[in-house]
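To start, I am sharing the structure in question, which I have written as structure tokens.
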Amino acid sequence: MKDIDVCTTYSKELKKVENPPITIASKSKAEKRKKSSLWGQVLQRFLKKKIALVGLGFLLFIFLFSLIGPFFSPYATEGVNPTQINLPPSSEHWLGTDKLGRDVLTRLMFAGRISLTVGVGAMVLSVTFGALLGILAGYYKGIIDQIVMRIADILMTLPSLPLLFIMAAVMSEWKVPTEQRLYIVMLMLSLVGWPGLARLVRSQVLSLRERQFIQATDALGLRDHRKLLNHLLPNIVPLLIVSGTLSIGGAILSESVLSYFGLGVVPPTASWGNMINAANSLIDFQKRPWLWIPPGIAIFLTVISINLLGDGLRDAIDPNMKRR
Amino acid sequence: MSKALPLLEVKNLKKYYGDSSNLFRRNPEVVKAVDGVSFTIEKGETFGLVGESGSGKSTIGKSILRLSSITDGEVLYKGQNIHKLSKKDMRNLRPKLQFIFQDPYSSLNPRIRIGDAIGEALIDHGLVDKSEIRERVLEVLDICGLAPYQIDRYPHEFSGGQRQRIGIARAIILNPDFIVADEPVSALDVSIQAQIINLFSDLQKERDITFLFISHDLSVVEHLCSKIGVLYLGTMMELGSRDQLYGNPLHPYTKALLSAVPVPDPTLKRERIIIKGDIPNPADPPKGCKFHTRCPIATDMCRIEVPEFREVEANHFVACHFA
Amino acid sequence: MRNYVLKRLLYLIPTLIGASMLIFFLYSLVPGNFVDSDPNLTTERKAELYALYGFDQPDIERYFIWIGNLLQGDLGYSLQFQRPVTEVLGNYIWSSFFVALASLILTWLIAVIIGVVSATKQYSFFDSFITIIVFAAMATPSFFLGLILIKFLAVDLGWFPAGGMITTGSNLTGWDYVKDVAEHMILPVLVLTMLGIGGLTRYFRTNMLEVIKQDFVRTARAKGLKERVVIYKHALRNALLPAITLFAFELPALFSGAIITEQIFNWPGIGAIYMQAFTVRDYPLLMGFTMFIALLTVISNLLADLLYGVADPRVRLK
Amino acid sequence: ACSDEDSGTGNESEQATNTETQTETETSIVVEDARHEATEPAASPALAINRGDTVVVGLQEPGGVFTPYFNTSGYDGNVQAVMFPPLVEINEAGEAVPGLAKSWDISEDGLTYTYNLQDDLLFDDGTPLTAADVAFTLTLLHDPSYGGGTDITEAKIVGGLDYKNGDADTISGINVINEKTIEVTTEVVNARSLRLIGGQVLKKDYYGKDYQKGQLDYLNALHQKPVGAGPFRFVEYLPGQEIRFEANEYYYDGKPEVAQFIYKTTEGDSLQFFQTGELDYSALSANQDNFEFLQTLGFADINVYTSSAYGYMTFNHEKEVFKDPKVRQAFVLGLDRQTIISTHYQGYAEVANIPVSPTSWAYTDEIGSTKYDPEKAKQLLEEAGWVEGADGIREKDGKKLTVYYFTSAGGLGDTLIPIAKENYKAIGIDLQVEQMDFNALLSRVGNGDHDLASFSTTMLTDPYNGIENFHSKSASSIIKGFGNEEIDALIEATIATNDLEERTNAFHNLYKALDENPPVILMDYKKVLSGTNARVDGFEPNGYRGIASSLKDLKIVDVNK
Amino acid sequence: MAKEPILQINQLLTQFYSDGGKVNAVNNVSLEIREGQTVCLVGESGCGKSATAMSVMGLIDPSSGQVSNGEVLFEGQDLLKMKKGDLRRLRGKDFAMIFQEPMSSLNPVLTIGEQITESIIEHELLSKKEAKQRGLELINLVGIGRGEEIFSSYPHQLSGGMLQRIMIAIAISCNPRLLIADEPTTALDVTIQAQILDLLRNLKEERNMSMLLITHDLGVVAEVADYVIVMYAGKIIEQGPVVELFKNPKHPYTKGLLAAKPVINQRREKLYTIPGQVPNLIDLQPSCYFSERCEHCMSICTTKQPPMKQIRDSHDVACWLYEEEVSV
């Protein structure tokens, strides 16, 4: 469905990273010494991308803000305080309080932990599934490929939001402690996310297979696990890195959409998504902007910076798109 | 030639490409990439395979090493049919049979240091103790004209010629008996090409390796090979020793090829045979003699009858009605 | 060509069977059913209703009944609406379709233009500016975007209706009706467009960047053609080609609606109905709809390939 | 963070101060039921004023089944209410008043009901509505293939089961005396039968034209072409958009002044539509914010009234923990309901003390309590054998006092969850929360997976509806395993007579018993907040019928006067 | 050969931007092509041959490089100073170009006919119909039959050799006076190469075109060139009439190139090799760029660039070996 198509649009873009970068250049000796590894080169190129660096900087800030911010806050996330309801920002509560008298700034920090965890977790899971299955399918072809790809096809025929609804309902059967509900959310998002990635990886592996250096492993008679782990995997890492970064943003957004339907992280655990959603009425919108602006900006900036970062990484990894 | 078993014997090799995944109907459009090719390679010999693009050279090379399956025929290495070996036996045989690729830029994994790339197969086959690997790698690096300090570098830090050397080092470190070199110098500049060609001839002499050398450059083949086969649309047109082929080419195709090679001498005014037209679509090869569409001396017979691959003089075979 | 299509159609069967099983069994795992949604029913009454609706049969059996009906084109009977699923879908799907179509066209138009301009002026101010804007649109949750637009454009400024499809109680016909509906469409279309535009713009930009580095573009320049011709005739055509597949992929989205946007704008579309059906576990409707989308997806995949074949002479099918 | 502190003393003092501040707010904050006239009617948006004598009300998407008794969606019920008045109506106090029946008699023994129809009663197609239509309706409800949600058999009409399960052709207990009179005999006294039997009427010639016993499928074709006898006549259904009605000139109480009535499909709170004037009437979640919102609009007549429903949190009585009434009492006392309710509803709800709304004749504030007493709760838990464990969570026989609380997303839960977690933690209960959608909630509660679960009753047209589930024979899946013979007897007593005073006493006795042995944690009596565009007069919503009974009185007024 | 130079390049400097800094791909190159002359530019990969051609055509992608200095005089007009529109009108009309990869140099989604007539319509202002007529003639001229059929086919349906002929047809469609061919036969088989070279030779003669042919194959040079220019690392190191240069190469690099190539029927035991490899263009110090690989390297070679010196009539070489005054 369109609303939640974030993940697929990323994969649209990702088609472009399929061809892994092979730098064909003979560098002078002086240069050779300072960039002895491929990743060193990537790093160097990356460091030249100002916008991407801004993105990275902001992400770091958000991470620090969420991870160590709460230690500096005098308030507790769940400290309900009915006498302090809906206060506007003040020197005491920099971002005001919500309808339960909780400090918005503190919640924003805790929510950041959750949202980032969901984002990163869902990314890690879907990248793991997607990469593993994609490699197996692309490398072994035949029956394994058929099975994996048909499952992916089938999953992809189902619209994602309904699929998430179903999964949320099904998974609510499992007795998961409130605090750990986010793991369920991660799992759900990754289940929706892996087929697209698996396809990308598979097609990449199929094209890598035709590359002479992979054919060379056949000629050398190397064992399969060596071919897969030492030869194939490192060559799809760039793809995984780029699609991984981009999917973090997608997952954070999807979580907020799930929260909108009450299928996300369970309150009182705060996520940026359910914080915005708690203020999702015309009244709060109008009268208490401090409830929705901070989480809104947090999501917005995080997703933007992740995108910028991902974009920068893509350009850095793919040297064809060189800038003067 | 002794009666002893040849190192490699290719018998009636056929390789058809086609859409075999079609469940419902066999695709009629099959490309007969290799269509019944036979030849033998004696130990220590360098066999040259020439032909235009798409004539099936690489396919033969890969089929011989079982890097691709075959449709029909036999590939006998020291008498054993390579395509009938079990997976395990084949793996054990791999180190003895090596392949050198055409494209120096894509034949090395960009993410693996060249020292590892060269030594990897030794480890994987358990041929050498881990501690000795580096030594062995340095040894072959030296043979191939690379400096020891380059062992920990990545492929992108090397030029094309150097990469081709790495590819060669990777093959010879396994002490192979037989190497298929698929156009190993085609992508290189003249000055570098000469270096690699010399390296090959040194290897031939010093290591007693048997080569199947694939190239479309007749001058290179002449330089390196003792026996040469000329391929056209998957069929062998002429096969003979170097002197026979260059001194007395019998097939009109061979003649045309030879005369088409530009010679770097502006004063030389040769009578050239320019054969007309393009190579036919391999999916739909001409009937009769496959070369008849471009042959300057073709007759009606050529259009109908497939010429026999005959031995016209000792070890000189040709497939032409008029040779 | 005909064989190819036939073959592809045959390949669809296992995918569809798989999808139908997945759909059926996933939904059957969902806790709750239509009868349960009324807490006031007595146990006996529930049992009666279970029997009436066939909920008491084993899943496998119900699956085969369902799939059997499906094969006859019978999507079942909506419990909530008490009428055939096809009829319910028919009631709502077109309004979803029009919104989606309008936003699709708009999205593509804008994305192509922006993509081309920012690719030809890579790293210019325009490019960076658009990049930021586009990312911004991508980074806003849809419900939030909807709320902002309603608040400012509909309620405060009163430029557009806040929701719905027609002016309540209006009896307009002909052009007036079209105009009325169009006016109501603006905001939802705007939201969908903003959401969709990001990915597509980036996609076109990357495509264009790739294409304009190709040899044939150089050839076109070497011929002395005007830059406009080089970009729009030679480059854009090639950049659009892979996108044709994407376009076909959007087909199911045209019918599957946009759950959130429809809900927010009160648009009488299939997305909103889906949500409602889910809350009361109207499984025939849910499954019928999901299956319909699965079928569309599969067909549009095929269509994408065929279209690509038609559009790209390189893969044009024999 | 303070919430993480385990030390009992620190918490107690804090809690104490908390309670203090709450009692302070508590008294000042509950809002009275009232009607607030618009301050500035002329501010009504042009969109609304220009609409003339068409009145638009928001309603969630109906299912499109407009035949009474056959709808599966409650919203369809709202649609039907416009066209199908019942024989016996209900007023704002929950008392039976005349509807299509101008009067009725109940026999001495309480078993026979005789309904006398209004004079000149016509369907909206102009044909007469007679006792035969009523008889047909009742017969239809007994049809074996009837799949709707009304269980007529509860009234135990004589011969009803023979018709339903046997092969009787008619129901012997239904007697059409004449065109205007019908007599129904039942087997047991049931205070609810009057309204159950005296419900909405289906036109026999229309809905019964093709009727054959056991065959009701033909009705499906009629669901979207209703013929009723209400103030408005059905005109058109635009799925997902609106349902249109027009004034019914055959209505027995006179044709309404408003020419057209429309239910517009909206989703959730539709503030924006009310604000822009697309809706003339809108019911909103009751809270101070929404109230102020309506006030600032200026053109809204505001109604605040109390709903007839109550909210509660049910125990899973099949779990061993809750077998002991002391534990349940501790759960009641240990939850600061007052804070939760006043925080969430900002005065637009009060804490429930008995399982019936204050609007009902059965209500009394003398029974039950709303107080928060964690000390008492702790004591009760101690008595029940739950002693504090190492981590502050109570244990008994090595089992921790961890309870799973199920609730649907949104609503009160957002406020309740954090406070309840804190409250319960303070008395040594570990509360785990799971949120799910409402249907999953019902299903999982039905399976007995829960320990606690939140629900609200529907509108309680009879106080009996609020307690029937506490009967040990009750089939309710929500409250299973509760009750004993004593309570059963008390429950049965509440309907065993038609006399209101006797019933009131019976209810009070029951409420007392339930207070000692709580089946649920009573939560709230909610207010309903509605805004009416000042251009429309006559909306008198109440807690039993919503706006249905006032539709006939709607008038358009000139806002500039 | 006293004919007017049709193209004269003076002190051309073309730079590309790269990670390590600016790359002087074409480094102060000066050359001229006279009317009716075929000039061959030879050199190893990366020595700046294509960059030179692209600079002339004004096709250096502005996002990756620029022409920083110099003059490119086409019939006396400096192309570099010309307005973009004016240059565009000359390009493809008065001078045209053929590229190395025929497969990728034609637009895959347009028909051959469309691509041939396009420039005719643009430059000659003919109608579609006339252009088609012209197109068919051209197809015929480059030696492919079945004009109509080819006209409506797509590039992927033709073989490499045919495509290269089409490229040639496009290039000569407006009767250019100068044809630049950048390795037109490198991607083709020998038999096809022979056909194409033959075609180019004939066309040149018939139409009295001048030609700048870029190649790295000395055999090709020997067959078609009138005049040869040898480039190394962005610089011209030797130039001269073809016979003179092959008979009497002066620069050690030129000599090496000629000796390193295996020649048919002239088998040697060992090929001559030039040691080392082409230097990286990024950080070149002032020196003879070939000095690292040169057998005759002297101390001056590593510190100073040799100037271009005329050895004989129009045979120039840039090598310290031939500078008398430095032999100190």
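Letters are used for the chains, namely A, B, C, D and E, taken in the order the chains are written, and counting of residues starts over at 1 for each.
Assume a residue touches a chain if its C-beta (ideal position, glycine included) is under 8 Å from a C-beta of that chain, and two chains touch if they have at least 3 such contacts.
None of these values were measured; they are calculated from a predicted model.
S.K.: Which chains does subunit C share as contact partners with subunit D?
M.R.: A
S.K.: By the contact definition above, name the pair with the higher C-beta contact count: C-E or A-C.
M.R.: A-C
S.K.: Would you identify the chain whose Cα-based centre sits farthest away from the centre of subunit E?
M.R.: That would be chain D.
S.K.: Using CA atom averages as chain centres, what separation in Å is found between subunit D and subunit E?
M.R.: 89
S.K.: Mind checking the centre-to-centre distance between subunit A and subunit B? Centres are C-alpha means, answer in whole Å.
M.R.: 48
S.K.: Distance-wise, how many Å sit between the C-alpha centres of subunit B and subunit C, to the nearest whole number?
M.R.: Comparing mean C-alpha positions, subunit C is 53 Å from subunit B.
S.K.: Considering subunit E alone, which of its residues make contact with at least two other chains?
M.R.: Within subunit E, residues 63, 277-278 contact more than one other chain.
S.K.: When you check subunit C against every other chain, which residues touch at least two of them?
M.R.: If we look for residues of subunit C contacting two or more partner chains, we find 30-32, 123, 150-151, 155, 213, 278.
S.K.: List, in ascending order, every residue of subunit B touching at least 2 other chains.
M.R.: Residues 159 of subunit B touch two or more partner chains.
S.K.: Over in the complex, which subunit C residues touch subunit D? Could you list them?
M.R.: Residues 30-34, 36-46, 48-49, 52-53, 79-83, 88, 91-92, 95, 150-151, 154-155, 158, 161-166, 168-169, 263-264, 266-269, 272-273, 276, 278-281 of subunit C touch subunit D in their complex.
S.K.: Which of the residues in subunit C come into contact with subunit A in the complex?
M.R.: For subunit C paired with subunit A, touching residues are 14-15, 18-19, 22-23, 26-27, 29-32, 100, 103, 123, 128, 131-132, 135-136, 138-144, 147, 150-151, 155, 192, 195-196, 198-200, 202-203, 206-207, 209-210, 213, 242, 246, 252-253, 256-261, 271, 274-275, 278, 286, 290, 293-294, 297-298.
S.K.: Residues of subunit E touching subunit B in their complex?
M.R.: 44-45, 159-162, 189-195, 197-198, 216-223, 225, 242-243, 246-247, 256-258, 260-265, 267-268, 270-275, 277-278
S.K.: Considering only the defined contacts, which subunit D positions touch subunit C in the complex?
M.R.: Those in contact with subunit C are residues 51, 54, 56, 60-61, 63-65, 70, 72-73, 145, 147, 149, 151, 220, 223, 238-242, 244, 260, 262, 264-267, 270, 272-273, 275-276, 278, 436-444, 446-447, 455, 458, 475-478.
S.K.: Can you name the residues of subunit E that touch subunit C in the complex?
M.R.: Residue positions touching the partner: 57, 59, 61, 63, 88-93, 96-97, 99, 101, 104-110, 118-119, 122-123, 154, 156-157, 167, 170.
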